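In what comes next, subunit A is part of two complexes: it sits with subunit B in the first one and with subunit C in the second one.
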Partner chain A sequence: MKAQTNNGEGAETMQPYMSVKNVSHVYPNGVTAVKDIDLDIYEGEVVAILGSNGSGKTTLVKHFNGLLTPTKGEITVGGLNTKKEKISKLSSLVGYVFQNPNHQTFLPSVRKELEYGCTNLKMSESEMEERVNKAIELFELEDKLEDNPFDLNSSQRKEVAMASIMAVSPKVIVLDEPTTGQDHKGCKRVLDLVRMFKEHGHIVVLITHDMHLIGELNCRTIVMNQSRKIADDQADIVFSHKGIMKEAGLQPPQITSFANDLSNLDSSKTYLTVDSILSWIKENKEKKEEAVQIGSGS
Partner chain B sequence: MNSLYMPKDSLIHSLDPRTKMIFVAFVVASSFIMNDPALQLLLLVALFPLVVIAKLVKPYLISIQFLLLFAVLIMTVHGIYNPIGVTPVFEIFGGLTFKYESMVYASVMSFRILVIGTGAVLFVMTTHPSDMASALVKWKVPHSFAFILLSTFQIIPIIAREAKIVMEAQQARCLDVKGNIIQRVKNLVPMFAPLFIITFMKVHQLSYVLECRAFSRKGNKTSLRETNIGSLDYSFLLGMLAVLVFEIYLKLFMMGSLQLTTDALLTYSLIGTWVVCGFMLIKFLFKRVQGKVGGVN
Partner chain C sequence: MAEQAIEVTNLTFEYPDTEEPVLKDISFSIDYGEILGIIGPTGAGKSTLAMCVNGLVPQVINGEMEGDIKVKGMNVHESNVAAMSEHVGFVFQEPENQLSQMTIEEEIAFGMGNLGVPREEMLGRIKDALSQVSLEGFEERSPLALSGGQQQRLAIAAVLAMRPTIMIMDEPTSMLDPKGKNEVYDVLKNLKAYGMTGIIIDHEVERIAAYCDKVLVLDGGEVQMFGTTEEVFTKIDRLHELTLHAPQVTEFLSQYNQQFDGKLDLATTVKKAVEVYESANK
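Entry: the complex of A and B
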């Protein structure tokens, strides 16, 4: 498996930030949820994890901050072996946003919610101030600071939960199904946030069933099926691979299927978004016009 | 599926839940009528064949372990320190003596825990929760009350599962759950606040779901699982009655002449529980060590 980064270069020489070596996890009840996974995640990457229900996605990412430890193999995060470190320490490196914000939030105001992680890490007052303010700015929460999280609507509450994780400014942020149950605006917001996290130098790991979201990001995509990793590549390459998509029971974004089915399109390329198809059509049109002009000129 | 019920094919399982409820009441009553260590030990031994008939020996032993831990604590601490004791029975190192009266007291108490525990385990593990509810309804218990009981049984595993998720979610917020005692007490707030809220939400949701499915409609409700009192139940009930009569007879007329409880019995039962507990401890430590060794590889 070749490691890929979004900017595509320098990956070979760089040390991975997070490294999963031959990891399996068997739950106490005997269910093998993750089997023989190898995975390197590098600085600056956005990694999407795809797969049907019960394929082991959540189990895999719970290993990243030590909530679970591998029953076979090992994981290093920022040079630390997850088996030997406290979860609280690992959680300051890898922020994990749970799917249901109700499991995470419990304090009476958004500001307290944001400060909570920092107080757990026994940060100095000034450092906490700085980090919390950064999160407030990033999530544009200035006018909600004194609100009770339970008075906010579900997508806002999700955002507060995310902000409270980001407030300790972990290197990696893991989002477990962030767009599930969100309206269009909420989904768009998640997309913007992911891009923003990347810009700010975070690694983003994203579990999702939202093919559209992955299409927009066109990020590195890992496909899980029956506890195993069956694909690990750029989204357009994974989406164009019919065998893998079928095996994992995935359906690429409609526009991709559409483009694949239009036989006269340039089949060496996979189109993930409406915009990319539009620009391709425009390009073709221009070419045609050029050809017509040349034709009429002679 | 998410209760303590263990589906098996046995005579005890096929008894009507009402019979089994009476059985539990009978066990509790017996354990109070026979407030003598020897008789209670007899009762405990007599209950064991029922566990075997129910094919529940292994789960029973697992669940009774914890009660046994209580028994050992009670017998040891009371045996030495309870002030009602006057007659020394035997002495262990450092001048700590077990006294007869306090040992009797402690044995009665801890055997009672074990006896009632056995009865309760037998009932819970062999009775499907909805059977219990429908049996209660047949006893003219209001349907909603039976349902409260039923849902209490069923919500416990759900809460346990949610608790685990909440704990993980708080750990993801850098909460150190393995701190010292003060730290742990402080951690109760981030653990229980979300758990309470989630449980309330779930119960609230449940009430809506029930309403949507016409729960509060008046009149009789049909039950998918029929329970009937048959000849097996009658013979079981008769057996219980006979034993109960015998117990009362024993208690009223024979107590003076019958003296089963001796120093030796008390001492042996005490040492017996120690040995079993020691065995459990060794097993536990062994597993720990094995886990550690396995973890390194």
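Entry: the complex of A and C
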């Protein structure tokens, strides 16, 4: 299966922005968490990484900003070899929201946290203010600006981490389980954020167990299983592969299972959202009506 | 009414540093063998309510409480948390806060030790609990050298090994893969077969609709809805007002009715939704 850019341009002629070459990672206790991974990611792509607990997703993405370095193989990001660059240099290219926000360090107030990333970027006061305010608005942080992130619960802390990345807007954004613990509104906000980054041409790498989110995005999807990459394709294609789904302990969104059980839908398609089924029904009804009109006209 | 497994009457609770109560005049009850799902937006008071039921609030986490909570007929207020832990298992929202010991085996033994489970019995229970969460073979590993979802599985195993008759789980599946999420709900369903009682908090409503007997909807510290799963998830407009959602199939049927002038019943599980839709579109 070959990688595709989101805008459908021929991937082969383009240089990947990030390139993972034959990478393995063995932790000091001897656990092999990532094995023989090859992966190219192109400008403007949204890439989801799915797979069962312990399959190596977090370990893999921690390599993208140099938090971990491969014990075998090489990774380049924007032409830089992650083994040879300082973390500070890499983290200006790759923003990372941790799976466990307790592992993320924060400044003592939400406002300071949001401003901090921008002060490193040498921008004007007014631009910084504009960026920070946009993030405050999207994440509805108005009442929490003077709070210490440490006092917030973990889903709120994750939102602060996402807001601060939104203000900085690095080239690559890595979100490790961004919707964990979020309510319906929070999940919608994550979806909006990913779409916004995509619109502005960023690369988004997204680890998630939230199948609704993947259903909405229907993006390029990597599946990890037992430290290896076992699939790399658009989400609807991955979701239609029963073998891969079973092997990786995956389940499509509920609405997909529902659609699969219906007898009169177009069975060559995989429906990932409520809206996609409704549109199909609507089109189909219109076609039938047309057919009836033509039939009665002759 | 005969004695219920959990009876909450006129519960009001306020943390020391908040101006308003975070729980306001809450009353509900669940019978032995029932599973209750609690849903509601962030900050609604779900975790606080769950911790009131096992006495952690206000006995360990302080605040001012009014009202009455009975678990298996015992007044939670008058029993201490340690005594309650013999009956009530509690899986915390943030698994990391629950983990402390040196190896996974010790981690699970810790809770049982507090209950006075004999050593000979512990090994069998550890094995059992680890297999229920698919962590066999991890006995000697440090809990810190686990993935996020594996840590959450461990936190669940530690509580299962204590064999409580009432199980309270606060977003226990938030980091689990889809198969793991199903397994946790299956564990609850199995306990139910033994007459045990469960409370589960979750933001994902599809499994709540498929597994729970009753649902309580909390918002702003107040009970907004309480009833059978069907009753709650078919009141879709009310859920939307509360920024919540029904299961995807229910949302679909409701939108289908709106767009195509349909009169389909609002089913809440895949199987029933397929039946409803197919019988109307033959």
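The rule we apply is simple: the second predicted complex is superposed on the first by the 242 of 298 C-alpha atoms of A that agree within 3 Å, B and C clash if a C-alpha of one lies under 4 Å from a C-alpha of the other, contacts with A are read in each partner's own complex, and residues count from 1 in each chain.
We adopt the following convention: contacts are C-beta pairs under 8 Å (C-beta built on N, C-alpha and C of every residue); 3 or more make two chains touch, one makes a residue touch a chain.
Since we're looking at a predicted model, the values are computed, not measured.
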item: Partner chain(s) touched by A:104 [first = subunit B, second = subunit C, both, neither]; value: first
item: Partner chain(s) touched by A:95 [first = subunit B, second = subunit C, both, neither]; value: first
item: Contacts of A:164 with subunit B and subunit C, given as first, second, both or neither; value: first
item: Touched partner set for A:127, first subunit B, second subunit C, both or neither; value: neither
item: When both partners are placed on the shared chain, which of subunit B and subunit C touches more of subunit A; value: C
item: Which superposed partner A:65 touches (first subunit B, second subunit C, both, neither); value: first
item: Overlap of the subunit B and subunit C footprints on subunit A, listed as residue numbers; value: 100, 102
item: Contact set on subunit C toward subunit A in their complex; value: 40-42, 93-94, 96, 141-142, 145-150, 152-153, 171, 174-182, 203, 206, 243-245, 247-249, 251-252, 255-256, 259-260, 270, 273-274, 277-278, 281
item: Contact set on subunit A toward subunit B in their complex; value: 62, 65, 67, 83, 86-88, 91-92, 95-98, 100, 102-106, 116-117, 120-121, 150, 164-165, 168
item: Complex contact set, residues of subunit A against subunit C; value: 27, 29, 31, 51-54, 58, 99-100, 102, 153-156, 177, 180-187, 209, 211-212, 248-251, 253-255, 257-258, 261-264, 274, 277-278, 281-282, 285
item: Footprint of subunit A on subunit B - complex, ascending; value: 162, 165-166, 168-178, 189-190, 193-194, 197-198, 201, 295
